[in-house]
Amino acid sequence: MRQLGLAAAIREGIIQEMRADQSVILMGEDVGKFGGAFHVTHDMLDEFGAERVWDTPISEAGFTGLGIGAALTGMRAIVEYQYLDFIFCAMDQVVNQAAKIHLMSGGRAKVPLVLRGPQGATGRGAQHSQSIEAYFMHTPGMKVVLPSTPYDAKGLIISAIRDDNPVLFVEHKLLYGAASPGGGKALSDTAIQAIGMDVPEEPYAIPLGSADIKRAGDDVTIIATLLMLHRALAVADQLSNEGISVEVIDPRSLVPLDVETIAASIAKTNRVVVVSEDTSRAGVAAELVATINDHCFYDLEAPVQRVAAGDTPIPFAPAAERHVIPQVEDIRAAAQRVLSD
Amino acid sequence: MTTEIEIRRQPVDCAGQDAELLLRMFRKMLEAREFEEQLYYLFLTTAMPGTMHQAVGQEAVAVGVVSALNPDDTITSTHRGHAHCVAKDVPLDEMMAEMFAKREGSCRGMGGSMHLTDFSKGMLGAFAIVGSGIPIATGAALSARVRNSGQVAVSFFGDGAVNEGTFHEALNMAALWNLPAIYIIENNQYALSMTVAESSALPDLAARACAYNMPGVRVDGNDALAVYEATRAAVERARAGEGPTLIEALTYRIRGHARFEAAGYRPAEEVDAWKNADPIERLAAGMIAAGIASEDQLNQIRGEAERAIEEAIAYAETCSEVAAEDYLAYITAEE
Amino acid sequence: MRQLGLAAAIREGIIQEMRADQSVILMGEDVGKFGGAFHVTHDMLDEFGAERVWDTPISEAGFTGLGIGAALTGMRAIVEYQYLDFIFCAMDQVVNQAAKIHLMSGGRAKVPLVLRGPQGATGRGAQHSQSIEAYFMHTPGMKVVLPSTPYDAKGLIISAIRDDNPVLFVEHKLLYGAASPGGGKALSDTAIQAIGMDVPEEPYAIPLGSADIKRAGDDVTIIATLLMLHRALAVADQLSNEGISVEVIDPRSLVPLDVETIAASIAKTNRVVVVSEDTSRAGVAAELVATINDHCFYDLEAPVQRVAAGDTPIPFAPAAERHVIPQVEDIRAAAQRVLSD
Amino acid sequence: MTTEIEIRRQPVDCAGQDAELLLRMFRKMLEAREFEEQLYYLFLTTAMPGTMHQAVGQEAVAVGVVSALNPDDTITSTHRGHAHCVAKDVPLDEMMAEMFAKREGSCRGMGGSMHLTDFSKGMLGAFAIVGSGIPIATGAALSARVRNSGQVAVSFFGDGAVNEGTFHEALNMAALWNLPAIYIIENNQYALSMTVAESSALPDLAARACAYNMPGVRVDGNDALAVYEATRAAVERARAGEGPTLIEALTYRIRGHARFEAAGYRPAEEVDAWKNADPIERLAAGMIAAGIASEDQLNQIRGEAERAIEEAIAYAETCSEVAAEDYLAYITAEE
């Protein structure tokens, strides 16, 4: 089958939904004429015109609000942030407005809105490196989706666009693939696996809330998203050489979360490592640990190992950034700890 | 630099104007007034939940603006939104039921005073974060343009809201793209305790449109007809694809900022002077002077408005209590 | 000793620091002439003048940035948000700027900034009811402080002002006490305990990162902050009638967190309930569960019970709000569960 | 409505001007230019970490503005901040070491290109979130006022940044309170791919000061002396307690937006035309025309600037690597 990179897969999903549904519009900085800072929206302006692809000023709060207003009145709006770090400029619109409108209206208003963009640490310093998903996991009324492969990305972006709620769709710069400016570096991260690159040409939807077992195993469960999923798979490879069988689960969406798949795995392995690139404290990994505590405590033979970014703004120097962000070795060490505990 | 504020007391100049429009505006303003006056009394005497912000004295803005719109045009409102809802034909019964936190409320008891909303009437939401509705209304204008629907979108907000970044970002985009949007600054001269001169470097708020290459108009906000006319011109511009307008309607909030807030930061003479410039009385006097209605006719309308609110209260009292778990159905929208 | 309410205690702490240190300034909406929406800054404009007490326009991002700029250049700035829900309007300034500047400058710049205001659900609907501390726990570079009593409040606000970092200082409307407009309702919440109301007149500092055992006990540990601390104490009272001895810990600051005090308690009781008013998912309680998993797993005889607000925007109707926010009964039920597990 | 942009190529009019000032500006501009040109080469040929945004062609703005300041006046900068740092006397060695992510870097390797900072020089920070430095500089101005220090605070930002809410909120407060702040729009005519006309409803950006009752001045941003003069007037105003000024300096970014960005959205003739309006050459020509310096003298300065950058690179190469755990010392400030 035809192979695509992640950026290209997301792009195809968006284009197909825009073709199928006139109400889908796109907005953000440099998304039109320029085709998007990471080329995800390449050529869309040409195909769909300036009434559906809006090149906005640098006004994150403003154009997020525009997306909400459009979503309230019959559109499905896709809003791109050039880096997800900039979503904080629009935080009130996302947290206080988009996420709350459906409930505040007693279910009468809907906000079909996709908020998407790239994140992840790639040597750009504290303001261009964050992983932001936990802020929105903690914001009721939103869904949070994170694809780790091109196949998942296409199916998930289509579901996100069709969803009637605000959906944060998180993309990792290092996973975009060679076609994108983020791709150069991607190729140099040796842990990135060439998985899920066979992408069907026809549109397909992957339901939100369905985790995917990226690798089946018996001895220890590793739960990871985005780039960390690839590092977890690298660890699974390494450990299998030592006779240890690792199950790697990709939640694919954190809200809704597929607790069943996770619990079934833990019932089998009794040992878990959770991995996330975001800041550890009150982050994704913390919530996963708490969820496992809630549902699987008596299945655990050792404390869940939580592996996440250090509780620090992300430093510029590559050696320091590497120390903050979980590396293959860190995940491997955690797996070994949970196995020996 | 700042336009000196003159308190106008003269009757609205109704000569030769459309009687039906004037009477309808009069009735709407009375309903809005009575809705809030009765609420105030209910808050004093019963266990009403939450809080509320009264627009008593400002009714001509809401009613004048909305009277120039079509039913399918959209608006966004604020924490001080009752009058906007009344003007936009949100059923009084449902509004009152919402204040009582009842299931039949316009937001099913989930929103309350600060979030009164009714999509079926083009009322897109009351946003109680100051300034937050401005880009949302702008998005409705963008959507109208994409759908080629001919609708205009109006955002109501206060004099305090012009200092939020959202005002700036939204107005720039609306003007840049000639969106069919209308921005109404309900300048009641205070943002809680802060006067316009204390919070805005350019206290002539309509003039702030200069930065967006957009027309800015100041209008007597206690003259429903003047507000109507200014809005009508803006609506025409918007529907013709000529872009947005900023309208500053000069008015006064007679009550405190919220429920029982005493507003001690305002000179008593100032409040009194504005009480004597009441927009409802000015319209009544104008209609009588122009021979459009008799005192009797107006009294009859007054009685009808009072009864409408009485009935809304009676209705709300009989509505069903929100159950503890109702909200679970409204967290996310699912097919 | 003289008794004070929480609002009055915070006020006294601020005034004493402003008297002692000319570099302390205050800014926010209606904090001067009006004395603050909840009267915390009452009369400060008169005493300190308009050069130190700034009545700002409604420009949260703007005046937060002003506070940062002042803090970078020799001031200690205290920024009030009229409700903490509005801090989202300033989120970029807080998360991307204030919290990161010290690290980005290689330790050469300091941002002594207190961000404070009231939070908590009191029947005002979704946009005026949130508990926001987890967003900032998850933001490295900040400290997060939450007083539950007037005594703590005065000692903690003084430490917060003297701290060289951005500190989020969270106040709960229902705890403000009768002197404040928030106080009327406070009196009607019967769970609020009259504790810690003896407040010394002289200034004193409570170190950040020192938890306080508000009640000692042996059978179960309850960790709670703000209003929930009072509800936890009410539960402890009730259970003591049934012969169950509850230890109630008030972390007082979540960053830094006094893990030692918590671990020592769990080593004794082996059973824990964590309680927080914020949204459960990826919230304070999740982080506490994860921290306990990290440090105390082998001391646990039952899964940690997490009690927090439902994962929903907060509904207006009082019955619904009560269902979302943890009540005394919910905490009590959790304690009983963890004891019987 | 929009001021037509005229590309000026004439020599800077240096007649009767302070030679020392002109030569100093020339030297600073050369250092900034050379710093970035060498960096570009290093990014091409070595494993430089991170990215960078060049201000090649815009040096007259940074240097002209800062030349009108005292050493203890403060500035904030952006993602495109190298020239601001050079102008503000941040040591070139430390700047280069920071680019190399070395311990001796001006931010100890923690900041990088987008966050070059040096407090000891009044350089308060490079803020790479567009618009975010504007209120921070305004806070420095407020602090100067509270401390009665006589300092002014300058915020540099791009034409794209005027559309952020922070611009609006900060300028309003600065004007409202007459703070000693100066706002420099470095209008290089593009925000990544977006032209000013595509993103600003009022493309005459200086005129946006109208909304804040603040003077707005447009100046030839490739004429270091003109920039200097405009800033000097603003500094005088600010120090006299008369409040802030908005200055729009019209210039052009000769390179792509970042590192290897090709800027294919710009017509080649436009780029060429601006290359011929180079601010360094214009100043050189002006000094020669006015007899302030000889070609030889200027060549000597050119050589010195080149050597300074060479030395900075040599220094950076010998500096020590940041250790993996260095950052732990910088997460929070503790006594």
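When the chains are written out, they are named A, B, C and D in that same order, and each has its own residue count from 1.
One rule holds in what follows: contacts are C-beta pairs under 8 Å (C-beta built on N, C-alpha and C of every residue); 3 or more make two chains touch, one makes a residue touch a chain.
Note that this is a predicted model, so its numbers are computed, not measured.
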Centroid-based (C-alpha) most distant chain relative to subunit A: B
Between the pairs A-B and A-D, the one where more C-beta pairs touch: A-B
Whole-Å gap between the CA centroids of subunit A and subunit B: 41
Centre distance in Å when subunit A and subunit C are each reduced to the mean of their C-alpha atoms: 31
Gap in Å, rounded to a whole number, between the CA centres of subunit D and subunit B: 46
Inter-chain centre distance, subunit A versus subunit D - centres from mean C-alpha coordinates, in Å: 36
Per-residue overlap in subunit A, given as positions that touch at least 2 other chains: 56-57, 59, 61-62, 85-86, 88-89, 92, 96, 103-104, 125-127, 140-141, 311-313, 315-316
Shared interface positions of subunit D, touching two or more other chains: 107, 109-111, 115, 127, 129, 163-166, 168-169, 172-173, 176, 198-200, 327, 330-331
Subunit B to subunit D touching residues, read off their complex: 1, 163-169, 171-176, 198-202, 207-208, 210-214
Of all residues in subunit D, those that touch subunit C in their complex: 74, 76, 105-111, 115, 117-120, 124-125, 127, 129, 132, 134-147, 153, 165-166, 168-170, 172-173, 176, 327, 329-335
Touching residues on subunit A, where the partner in the complex is subunit B: 25, 51-52, 54, 56-57, 59, 61-75, 77, 92-93, 96-97, 101-111, 140-141, 143, 164-165
Touch list for subunit C against partner subunit B, complex: 29-30, 33-34, 37, 55-62, 85-86, 88-89, 123-128, 311-313, 315-320, 322-324
Interface residues, subunit A side, partner subunit C - complex: 85-86, 88-89, 91-92, 95-96, 99-100, 103-104, 125-127, 134-135, 137-141, 255, 278-279, 281-287, 289-290, 293-294, 297-298, 300, 302-304, 306, 310-313, 315-316
